[in-house]
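The first chain written gets the first letter, and so on, giving A, B and C; residue counts start at 1 in each chain.
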Amino acid sequence: MNEIKNVRHSRIKERLAFYLLWVFSILTIIVLALIVSDILVKGLPHISFSFLLEEPRKMGKAGGIFSVIVSTFYIVVLSVVFAAPIGIAASVYLTEYAKEGPVLRIIRYGTEALAGVPSIIYGLFGYSFFVVFLGLKYSILSGALTLTLMILPTIVRTSEEAIKAVPSSYREGSLALGATKLQTIIKIVIPTAMPGILTGLILGIGRVVGESAAVIYTAGSSLGVPDSILRPGRTLSVHLFTLASEGLSAENTYATAVVLITLVLIINFIANTLINKIFIARRR
Amino acid sequence: MENVRIKVRDANLYYGDHHALKNISIDIYDKSVTALIGPSGCGKSTFLRCLNRMNDLIPNVKINGEIQVAGNDVNRYDVILLRKKVGMVFQKPNPFPMSIYENIAYGPRIHGIKSKTTLDDIVEKSLREAALWEEVKDRLKSDAIGLSGGQQQRLCIARTIAVEPEVLLMDEPTSALDPASTMKIEDLMENLKKQYTVIIVTHNMQQAGRISDYTAFFLNGEIIEYDKTEKIFYKPRDKRTEDYITGRFG
Amino acid sequence: MIFREKIVEKILLFCAGIAVLGVAIIGIFIFREGWPVISNTGIIGFVLGKDWAPTQGIYGIFPMILGSMYVTLGALMIGVPIGIGCAVYLAEIASQRLSTIIKPGIELLAGIPSVIYGLYGMTVIVPIIRDLFNNQGFSVLAGSIVLGIMILPTIINISKDSIEAVPKEYKEGSLALGSSHWQAIIKVVLPAARSGIISSIILGMGRAIGETMAVIMITGNSTLIPESILSPVRTLTGNIGIEMGYASGEHQKALFATGIVLFVFIMVLNLLAKLIPNKVGE
């Protein structure tokens, strides 16, 4: 009898526990839906082509966000142009050349440490090093260089995984035909790992687009389309922050937020479907 | 005639479309060792796992037919109580990452026993029954993972005994062990069968011949022959049984 | 040929080393700028000083340290139970269908920029708190709620991975002894995943401490020591973020000094994240 009572207790506890955990899990989706819908509901009505193509006027209180979009585009492209080769090269080294030992451990520790640095510290660093010390002043270039360091760990991590996933039989086949290690890497390994590498790059782009603390103090917050990468520029996230904190225009704030979140959703979607469709399908 | 502890009639099991167990009918006798032999993949382990409903863990499994343990239909009986009555020892020893004591006390605790003295007694009794007490009595608090393979398996046997089952299912319990540990565990069986109904899956025929009272020969999901062990090994009725026993395939 | 390969290898090594170089340079420059203020005010005076008055040359960041700690603690109290609970559910209980809805949701949550969280916090959470408690609304509570949401993906993903890495033989062994699924999870699987779960919590903590923009937008940024969770508060990151825009000279260096303290905090946390799990896991 005791036995049956015990079992009944366990079962009740189990049902309660599973229900609570279900609630927690659904909560995450609910929160996501709340946030996204709030932004969309308040911002979509104010989106229009003119908003996207007009220049901001009165410090963003009126007009559109064209120059902001352009600045964001410049900084994203530049960051990826810098970070991709370095990141891919680093991941190649870590997977294909490095041997166990202190050097490897230091590099790994450095990459992890870099990943843990808060964005505001990147901002301080970017300001004191690129803007002041190297004399690049507030500029797209300063911002891009800072962001390069910031997204490097992400790119290295995903590229490493992608390269490790390339079957060693491919490498052996290539070497057996007389190719050098370098040729094997360039012609076989990297192309095979490309979907994973691309995913990492896209995730990096996502981070760049969403970043604000590191960008404000390096690329500045001047409105106006930058004529060159040595000119300052205001990115989407920075613009949103400025509009929101200064309360200049609720409509434009939410409209900007809609653009930002749509961009992020698209980037996220591409990165995740790329993983699912091409990468895993290839592995089969 | 001895008591029938487990009664199976026309049991069928499907993994998706694959018909893995075909019309299994068998009576397993109380306080004896019954060996299930047969080539790999013929359903012995699958059948074993029906008896404590471990097949529930696998998705897409369909079972029909009558499976009764100690008079209770396994599908209508609470699965938790069923598993307490029908214990299982796995092929690869799987002690929990805890101390030896905690491993054994785990089962009784789950089923409501809290008193430390009771637990201490149960731990000692189980370890003695599993012929492990002398070897570990001074280090009950040390990690179970530190034991040798053979000791770990005896620990798993002790752990299973600690919840006072009626039936012991053993799925190739010595196939991962060295000969010396295997012998120790085979010696154990003589004692275990005095208290429990033991069903052991083994692909080692010599082992089946040594330790079991009854033997069932499985082939392609069916029981070809089931009888007292001496009969199966010296005077099998079915040619397929004879071929398997004499090593012509398998 | 071999020579060329050697050169390429060196170049690749250099690229891999840029990360290390980067961390080093970041550390050097932050310290370079900030150290003078710390040495002037003295470490104790800086870290424990209760008054932050840059116009008078007084730099004490204790209120900000408390602010960061309170907000982070609050975020953990919200994020850890929900995060670990969700991780357990996804790893052990959820059906395929539910998983395919929740997993992308978590990825999205992770990708939302902090300014969006800040905007939401500012326009939805803060007013709710304002109405409920009859105060400003900008508070530790607001910060904890939003940060708690922000650290969920970190905790969920890492905890989930640790739980899934537990050998399923443990769970099978528990079930075979007659335990319920829940008992198997609580008594065997979770303890075995302990070190990974702790890692996730520490990393979540690091994320919360390092967050700037969202926090600035919702915590009120008062430089006084917070008295309750309803008090407005300024975090270390907020301190830097708000005043960097107009600080100069020694004031600016004081912000770098705040950065030093933040940097040290984070580096210590990262070290803990590596050391503690290994010890606990034994």
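Quick note on the criterion: contacts are C-beta pairs under 8 Å (C-beta built on N, C-alpha and C of every residue); 3 or more make two chains touch, one makes a residue touch a chain.
Everything numeric in this text was worked out from a predicted model, so none of it was measured.
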Pair joined by the larger number of C-beta contacts - A-B, B-C:
B-C
Farthest chain from chain B, going by the mean of C-alpha atoms per chain?
A
How far is the middle of chain A from the middle of chain C, if each middle is the mean of its Cα atoms, in Å?
17
Chain A and chain B have mean C-alpha positions lying a whole-number Å distance apart equal to 53
Go ahead and note the Å separation of the Cα centroids belonging to chain B and chain C.
50
Multi-chain contact residues (two or more partners), chain B
80-81, 84, 110-111
Where in chain A do residues touch two or more other chains at once?
10-11
Two or more partner chains touched - positions in chain C:
179-180, 183
Chain B residues within the chain C interface of the complex:
52, 54, 57, 80-84, 87-88, 90, 92, 94-98, 106-107, 110-111, 156, 159-160, 163
Chain B partner contacts - residues on chain C that touch it in the complex
167, 169-170, 172-180, 183, 187-188, 191-192
Sites on chain A touched by chain B in the complex
2-4, 6-7, 10-11
Chain C to chain A touching residues, read off their complex:
1, 4-5, 8-9, 11-13, 15-26, 29-30, 32-33, 81-82, 85-86, 88-90, 93-94, 98, 101-102, 104-109, 111-120, 122-124, 149, 152, 156, 179-183, 206, 209-213, 216-217, 237, 240-241, 244-245, 255-256, 259, 262-263, 266-267, 269-270
Looking at the complex, which residues from chain B come into contact with chain A?
78, 80-81, 84, 110-112
